[in-house]
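Each structure below is given as structure tokens.
There are two complexes below, and they share chain A, which is joined by chain B in the first and by chain C in the second.
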Partner chain A sequence: MIAIPFQKENMDRSSILSKLKVIVANYSHDKDALEYLSESTDFIKDLKINSANLVDVVLDVEEEFDIEIDNLAMERMLNVSAAIEIITDKLKAK
Partner chain B sequence: MANRVVITGMGVVAPNGVGLAPFLEAIRAGRSGITHHPLLEKLQFSCQIAGTPVLSDALIANYFSELELRNFNSSGIMYGVIAAMDAWKDAGLNIEQSGEPDWDSGTIFGSGTTGVDKFREAIYKIDDLQTRRLGSNVVAQTMASGISAYIGGKLGLGNQVSSNSSACTTGTESILMAYERIKSGQATRMLAGSTSDSGPYIWAGFDAMKVCTFKHNETPESGSRPMSASASGFVPGSGAGAFVLESLESALSRGAGIYAEILGGNLNSGGQRGTGTMTAPNAMAVQRCIRTAIQNAGIQASDIDFINGHLTATSKDSLEIQNWCEALQRSGENFPFINSLKSMVGHCLSAAGSIECVASLLQMQHDFIAPNLNCEDLNPEITALISSSRIPQKASPHPIRILAKASFGFGDVNACIIFKKHIST
Partner chain C sequence: MIGNDIVDLRQAALESNWRRKGYLNKLFTKNEQQWILEASNPGQMVWLLWSMKEAAYKIYSRRKTWRAFAPLKLICKTLEIKEELAIGSVECESHTFFSQTMLTAQFIHTIATEQHPMQAITVKITGYNPTDTSYRNTDPATVSHHGRYLALAYV
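On to the complex of A and B.
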């Protein structure tokens, strides 16, 4: 029998978003903004995440999706939609 | 005119008690906080006993958010923050979460080696080419000023926020540095104190120097033996002590309780000349430090009721007593009462001075001298200088009006403070 691996390639935007929500919840004290997390949510402006913690968010994302996010992509990862795009690209490239 | 400076709040995280009430009970009862540490045995230390504060997760959650505790691995910062926030609360002060910083309040909170477990964790990752996976909090947890930076943020302090470091003198020095800042009018209120990490990576260097006892691995509670003939080296400890210092005017205007007034003190060094080296004190400098502290405090040596010594439980204890005798020109029955907290908690290194000052001021507040443990066989070199009646081995009720506290550290550095009980009028 062939084991079927977890299909990360096919993960859609909404399931990425819900995984992302769990990760950023650790770094934001703004419960309301977390509640209404959407693709337009900005990590610093809306979720009030300490900018130093953005690298921790990136590390958690890498672990959760088993991808590696390079320095250039990390610089762009300031909001939910950019994060989803980067994650999707990296998953495709795997 | 120079401000008078008083102590209005204290906090303590000690091997034999966390918080003022449990710590007071422990020092009154002569309860030891020294235990056997299986990790030290596993690592083949000569000295496998130590004093480490016991903190529950529930208690820690009162001081740190879940986010702050993610990847947190600095015991010294944990002890220091708990002691500092307790002292702030004990002084009846609030923590404002918004608005401007408190421009008139600052902190000088010292440490020795700091965040060593976090540093070790980082070094393993770096050597494994994982620098990019270190995360964001290595710097804050390992920088020398990590503890004052954490406290400054917790309390919203807007005055000087800094960490001092002078080995085992650190805690006592922090109080005197904070005192000077208030006395000169540059701050109204300063949180002073010091902290020391726990664990093998802090203590190994001392173990290797053979300055810790290896004779009490089976009998931890009798291991720390200041002033005893069978003293065989110190027992390492850890923890933190904290104080709110403020101008007398500020304390009176807000009706704060006052533990004591700092009458004066002195910091000096023996320059590693004469009998002084990196690790041994220059006796002339120690005596000069004590004499100058007395002079700065505007008292006579005969006014001192009680001394809390440095007294680590090494062969240097009798030398310290001799220095006190020379500096005060008092001996025999005429010597003040003296004790060493180290018989209960070990040598808490950079935290020693602050934890011992908390103990001293609790004894002053509650009119008793805490017992010296493990010196039933007093060193004859000490009893040749002062009467054994001056070294209580049971808690003894006794009023303390003026006390002297001294600490000495590697680098041949010395600190002495004179505290006076505050009598409200």
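On to the complex of A and C.
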């Protein structure tokens, strides 16, 4: 019975992940890393996203999820898992 | 310690739309945005300020083993442009870095240092070939590549 909310949580993470994948695909310079995107994927080291495009990722995420990413959150938005944490937190706070 | 950053202006124009809503606010302080607004070539000013921040970040992140996307913590404090050369300073958490930027129609290249006046630095800018990593054997103090260009600096 506890498994139901747990599963829902998992589904949410995976649906956030798939939306995120669509966003980062626009800026990634590494097709393989994009194909094997996981929570541990780093935006700069793995996807080879140019640092000036990180701000586009942040703006796209804000638009897609209708949230506002403050500067403190942006500072740590360097990989998929941090991005998912931030999106989840901001969605909860809505 | 020194840091550098190169911006291929053609690549930047292809990859980034700095006029996008919200873009400048996330990257630049109010004062920096004022400089951009007042510049005769705002696009050049965007990438000049950006490369100053990136070059300073390279030093500070290595010194502090700090990794963050915090463009607003790297604050361009002073800037003086004389034709193709821009001299400035960048502050990060009360540390000051000094910058020298070469401005051309094709690219913008910044060197940042902790020393003022700057030590003697040799800069080498060439075409970038991702499969050629032989430059690593030349032991550069800092490396940057973007679009068509590879920039190496030696002390």
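Assume the second predicted complex is superposed on the first by the 83 of 94 C-alpha atoms of A that agree within 3 Å, B and C clash if a C-alpha of one lies under 4 Å from a C-alpha of the other, contacts with A are read in each partner's own complex, and residues count from 1 in each chain.
Convention: contacts are C-beta pairs under 8 Å (C-beta built on N, C-alpha and C of every residue); 3 or more make two chains touch, one makes a residue touch a chain.
Here the structure is a predicted model, which is why all the values come from computation and not from measurement.
Visitor: On chain A, do chain B and chain C fit together or clash when superposed?
Guide: Taken together on chain A, chain C would clash with chain B, as the superposition shows.
Visitor: Determine, under the contact definition given at the top, whether A:Glu75 touches first (chain B), second (chain C), both, or neither.
Guide: second
Visitor: Does chain A have more residues touched by chain B or by chain C?
Guide: C
Visitor: With the two complexes superposed on chain A, say which partner A:Ile86 touches: chain B (first), chain C (second), both, or neither.
Guide: Once the two structures are laid over each other on A, A:Ile86 reaches no partner at all.
Visitor: Scan A:Asp56 for contacts with chain B and chain C and give back first, second, both or neither.
Guide: A:Asp56 contacts both chain B and chain C.
Visitor: When the complexes are fitted on the C-alpha atoms of A, one of 132-140, 168-176, 276-284 or 366-374 in chain B overlaps chain C. Which is it?
Guide: The answer is stretch 132-140.
Visitor: State which residues of chain A lie in both footprints, the one left by chain B and the one left by chain C.
Guide: 27, 52-56, 59
Visitor: For the complex, give me every residue of chain A touching chain C.
Guide: These residues of chain A touch chain C: 27, 50-56, 58-59, 62, 71, 74-78.
Visitor: How about chain A: which of its residues touch chain B in the complex?
Guide: It comes out as residues 26-27, 29, 52-56, 59.
Visitor: Where on chain B is chain A touching in the complex?
Guide: So the residues of chain B touching chain A come out as 65-67, 70-71, 133, 135-137.
Visitor: Mind listing the chain C positions that touch chain A in their complex?
Guide: 7, 12, 15-16, 20-23, 26-27, 50, 54, 67-73, 146
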